[in-house]
Amino acid sequence: MKGFLRLVARDLRLALRQGSDATIAVMFFVLCVVLFPFGVGPEANILARIAAGVIWVAALLASLLSLERLFLTDYEDGSLELLALSRIPMEAVVLAKTLAHWLVTGVPLIVAAPILALLLNMEAAGFGVLVLALAIGTPALSLIGSIGAALTLGARRGGVLLSLLILPLYIPVLIFGAGAIDAALNALSPRPHLLLLAGLLAAALPLAPLAGAAALRQALE
Amino acid sequence: MHRFANPARFLRLSAAILPWSAGATVVLLIVGLYLSLFGSPPDYQQGDTVRIMYIHVPAAWMSLFVYTNMAIAAAVGLVWKHPLADLFAKAAAPVGAGFTAVCLITGSLWGAPMWGTWWVWDARLTSVLILFFLYLGYMALVNAFDSPERGIKAGNVLLLVGIVNVPIIKFSVDWWNTLHQPSSVIRMGGPTIDSTMLWPLLVMALAFTTYFVSVVLLRVKAEILARRIQTLRLSEAQG
Amino acid sequence: MPVFSGTDLTCLRGDRLVFTGLDFRVESGGALLLLGPNGSGKSSLLRVMAGLLRPFRGRLAWDDAASEDDDQHGGRIHYVGHLDAVKPVLTALENLSFWASLGGAADPAGAAMAALERLGVPHIAGVPGRYLSAGQKRRLTLARVLAAPAPLWLLDEPTVALDRAAVRLLEGILAEHRAGGGMVALSTHADIALPGAAELHLDHFAPATGDDVDLDSDANGDGEAAA
Amino acid sequence: MKGFLRLVARDLRLALRQGSDATIAVMFFVLCVVLFPFGVGPEANILARIAAGVIWVAALLASLLSLERLFLTDYEDGSLELLALSRIPMEAVVLAKTLAHWLVTGVPLIVAAPILALLLNMEAAGFGVLVLALAIGTPALSLIGSIGAALTLGARRGGVLLSLLILPLYIPVLIFGAGAIDAALNALSPRPHLLLLAGLLAAALPLAPLAGAAALRQALE
Amino acid sequence: MPVFSGTDLTCLRGDRLVFTGLDFRVESGGALLLLGPNGSGKSSLLRVMAGLLRPFRGRLAWDDAASEDDDQHGGRIHYVGHLDAVKPVLTALENLSFWASLGGAADPAGAAMAALERLGVPHIAGVPGRYLSAGQKRRLTLARVLAAPAPLWLLDEPTVALDRAAVRLLEGILAEHRAGGGMVALSTHADIALPGAAELHLDHFAPATGDDVDLDSDANGDGEAAA
């Protein structure tokens, strides 16, 4: 436990010391959303109609991109070997690094989402649910992504490969996350969607560290 | 630290200018705000909302002006390797980003009553948004390197590449048909705006400029001092 | 008195058989010097000893208990390989204290500072990792083994990039560690004084060329064959 | 010139040897497009309406992701230093590597696009223009992206930072590219859009290698 | 008879002054041995010589013509630093032939094979880079200097990871290169026989501590100020 917290603290310190890490992930998220009106055209009603989907897809891609480096630097500089030899179980290593990652990228993303929703003309009725859905969904994304990050370790072209492995697993999160908001906008209850999201998170919480740890052990052989 | 062509001279110069520019900022702001809030008539169409203009327009001018200056400094930094030019761009960026943000925010505040929407994806508005992202990208890039020098140099290249956006912003209203109104002050053939509105506008623009000068001087000075300290710390690492 | 030993070890990397039939034994206070030309398998053996690489065949034992699937094994060793695990944005002291704390040092910062002093580079404590020269980085990496206690040190070419003064320092540190009952296994091409060390010439365990060791029949198919 | 071709050949060989590089970029492109129906919902008319935009945004993101490694591996393993010391001018190095990148990622993407358009119910009238626009647009994307890849070399969080710098510069390509298709679908002439796209490419062709080379030189200092 | 020299060189890394007032001169057939403790600036000087790092002050000259902004300079040297530029998916031979061809070898594959043979590792020709051991990789890197001709070799700790046989080989290669009129500058902490080499002790050019060299007044602001 002490080791776990030390690792989280060190990863947070690394992220903060390296300057504007948190802002950069959010910036990508913002840019991605902002791109859409250019591609699709500026009609307000169309934008409002696809807003929830676009925001979720952007959150997904932002999480994906920032996850690429989750274990990479530690792997390349040999830290991961040392962590594997340390007293902390590998599962705790995965969980600690994922937690730090989510604190640095997921949280700012949740904060930025309502502003983007405004830009895309989403109705105010969806805002609360949007934030709630992201708050449940982004940790799930980070957890699922950590498996992919571990799997592609050592693979060249890691980033793109990672996206391939993980995008299909992200789809349920995307469906329920966007579904919750659509429900709220259509005056239906978003509860079932949110509960399913929470279920995904609950499943990912123990499984992802297990799978991630197994993948990391493989990568180190 | 060693890199400054002559930091001592710069520090002397800035110490001499700073009180004047800071003082001018305060005076001009007070005069400008008075003129724009009380000393100018409400618009016959827009009523009092027109007063947003006295913030919006100078901020918009400054956002372009600052970026252009940064790009010039970047060219000077790259070609003549003048260290103060490098520092200038780095110091000016947050201020420029701030002006751009003010322009965007006041613009959309103004848009709500005038156009009936906070935001449209038209050429003028989007190109200003891109400018804002360029500022942010520049700041992120400059701080993203282990060696500050490298960050500044990479930033310089980005500034030069991004300069293409400035004419797009300026002429977007002429090239594409947009909701945003075309230029009436800075245009060929002189301003077409009434002098009761022109004066407060110009005073505010001047106030923004002196504010910009003061902040940049302060930030460059802080940067120079920070590097001095860093040097002292690192020179302990001899061996 | 702990004993670390390996019996009949065979190491396979990719498709290449690196060494076979290798035995070693290090006792408390003992040292093992891995020698051999380039590519003879010194680094591979050290990774096997650390548990980072599974031997294709053979077993490792700590006090006669198999150490392979033993979770405790990592806690008993310090491994210093070719990679330095130095974060460029953290200072030398921060880098070191983190590993010291994970290694179970009571006062990580204090232990880290003491280790830097012992290696003759207290002045780099506040310097970020990115500014260190090759030798300074190496000293920082070696300081890790001092910052937290562990009985077995596995060092892969530790003298690389060190100047002569630093090599002398390292020799002193190794002698001290062994005097306190510690064990050392290190590979090197350079001269390093390691009195009383057993020498292991890796080239003696190279599989005879052409003799492609009939792995198929021997491989016991129980999953140990992972490269 | 001989050196230029050798470098292109070596980069192509690296890409092919490393397995399915080309397929991976296309796969990301495909997945990205396929995600949209999940986020936005499967209504055919909405999908058809946004198809051009979505395809262009996906092409943009795929190009971006694969660009990240354009100079990175050569930088990290010291090859870039050696290339800088070699007889080939740095501008030619940038151009050669960008060309190889486009051959490996851009071309397959152009081939895959019509199939995706079909999936999103785009009308057949747009297919020809889609391919043409991508054929002009993707080399421009690669060129612009190469500036970003050079600028972010050695930066922390290279990938996300790259996106932040380059996406704004991609926007014109996106606007004209999607605009051409929309024009075709609305029975207007896509020519002006395509000409503007070609203009962008013509501008990027000499400028990107210049800026990229300047950035690379600094990265090596 | 080419001459490569540097006058009054000052090197700044980040904000740290590494050496000042350094002069050197290598003539055809000559050699320069860079010595000094860890962190004294050997690697920095070699990068300056290669043109990869700009000196803060001072000038470099090739045959009395300034070499700093000379595009030709890169073609005159072979630089071997700490990084190996070995692609893991290409075989050793493919890796080497590419550099040979860029260096202007007439028959790149032939030259590359000959170079591998000269370094005693013809058997790794078909082995992909990722399977090479530390020493094999180092030999491959060193083979680069043989695969294409260049008068000046700049080698940063070339003996690292080499076994003794390889060090002997390297000494022979260096002697041959010098006999043919070539020049060598190399840094090392290990023993290497370089008969008649001039020694440059980097620690003699370290700026006196505390003496913050008054660069402010000296820097002439004419562009040399870039670090």
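Just so it is clear, A, B, C, D and E label the chains in written order, and each chain counts residues from 1 on its own.
The rule we apply is simple: a residue touches a chain if its C-beta (ideal position, glycine included) is under 8 Å from a C-beta of that chain, and two chains touch if they have at least 3 such contacts.
Here the structure is a predicted model, which is why all the values come from computation and not from measurement.
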{"item": "Contact-graph distance - origin chain A, target chain E", "value": "2"}
{"item": "Furthest chain, CA centroid comparison against chain C", "value": "B"}
{"item": "Inter-chain centre distance, chain B versus chain E - centres from mean C-alpha coordinates, in Å", "value": "46"}
{"item": "Centre-to-centre distance between chain D and chain B (centres being mean Cα positions), rounded to whole Å", "value": "32"}
{"item": "Averaged-CA centre spacing for the pair chain C and chain A, given as whole angstrom", "value": "37"}
{"item": "Whole-Å separation of chain centres (CA-atom averages), chain C against chain D", "value": "45"}
{"item": "Junction residues of chain C - those touching two or more other chains", "value": "82, 89, 131"}
{"item": "Of all residues in chain D, the ones touching two or more other chains", "value": "18, 73, 156-157, 161, 164, 167-168, 171, 221"}
{"item": "Chain B, residues touching no fewer than two other chains", "value": "126, 133, 136-137, 140, 144, 146-147, 149, 234, 237-239"}
{"item": "Touching residues on chain A, where the partner in the complex is chain C", "value": "3, 6-7, 10, 13-14, 17-18, 76-79, 81-89, 218, 220-221"}
{"item": "Residue numbers on chain C that touch chain A, as the complex places them", "value": "50-54, 71, 74-75, 77, 79, 81-87, 89-90, 94, 98-99, 101-104, 226-227"}
{"item": "Chain B contact footprint on chain D (complex, rising order)", "value": "147, 151-152, 154-157, 161, 164-165, 167-169, 171, 207, 211, 214-215, 218-219, 221"}
{"item": "Contact set on chain A toward chain B in their complex", "value": "18-20, 23-24, 27, 31, 34, 37-38, 41-42, 44, 118-119"}
{"item": "Parts of chain B lying in touch with chain D, wherever the complex brings them together", "value": "78, 126, 130, 133-134, 136-137, 140-141, 144-146, 149-151, 153-154, 157-158, 160-162, 165"}
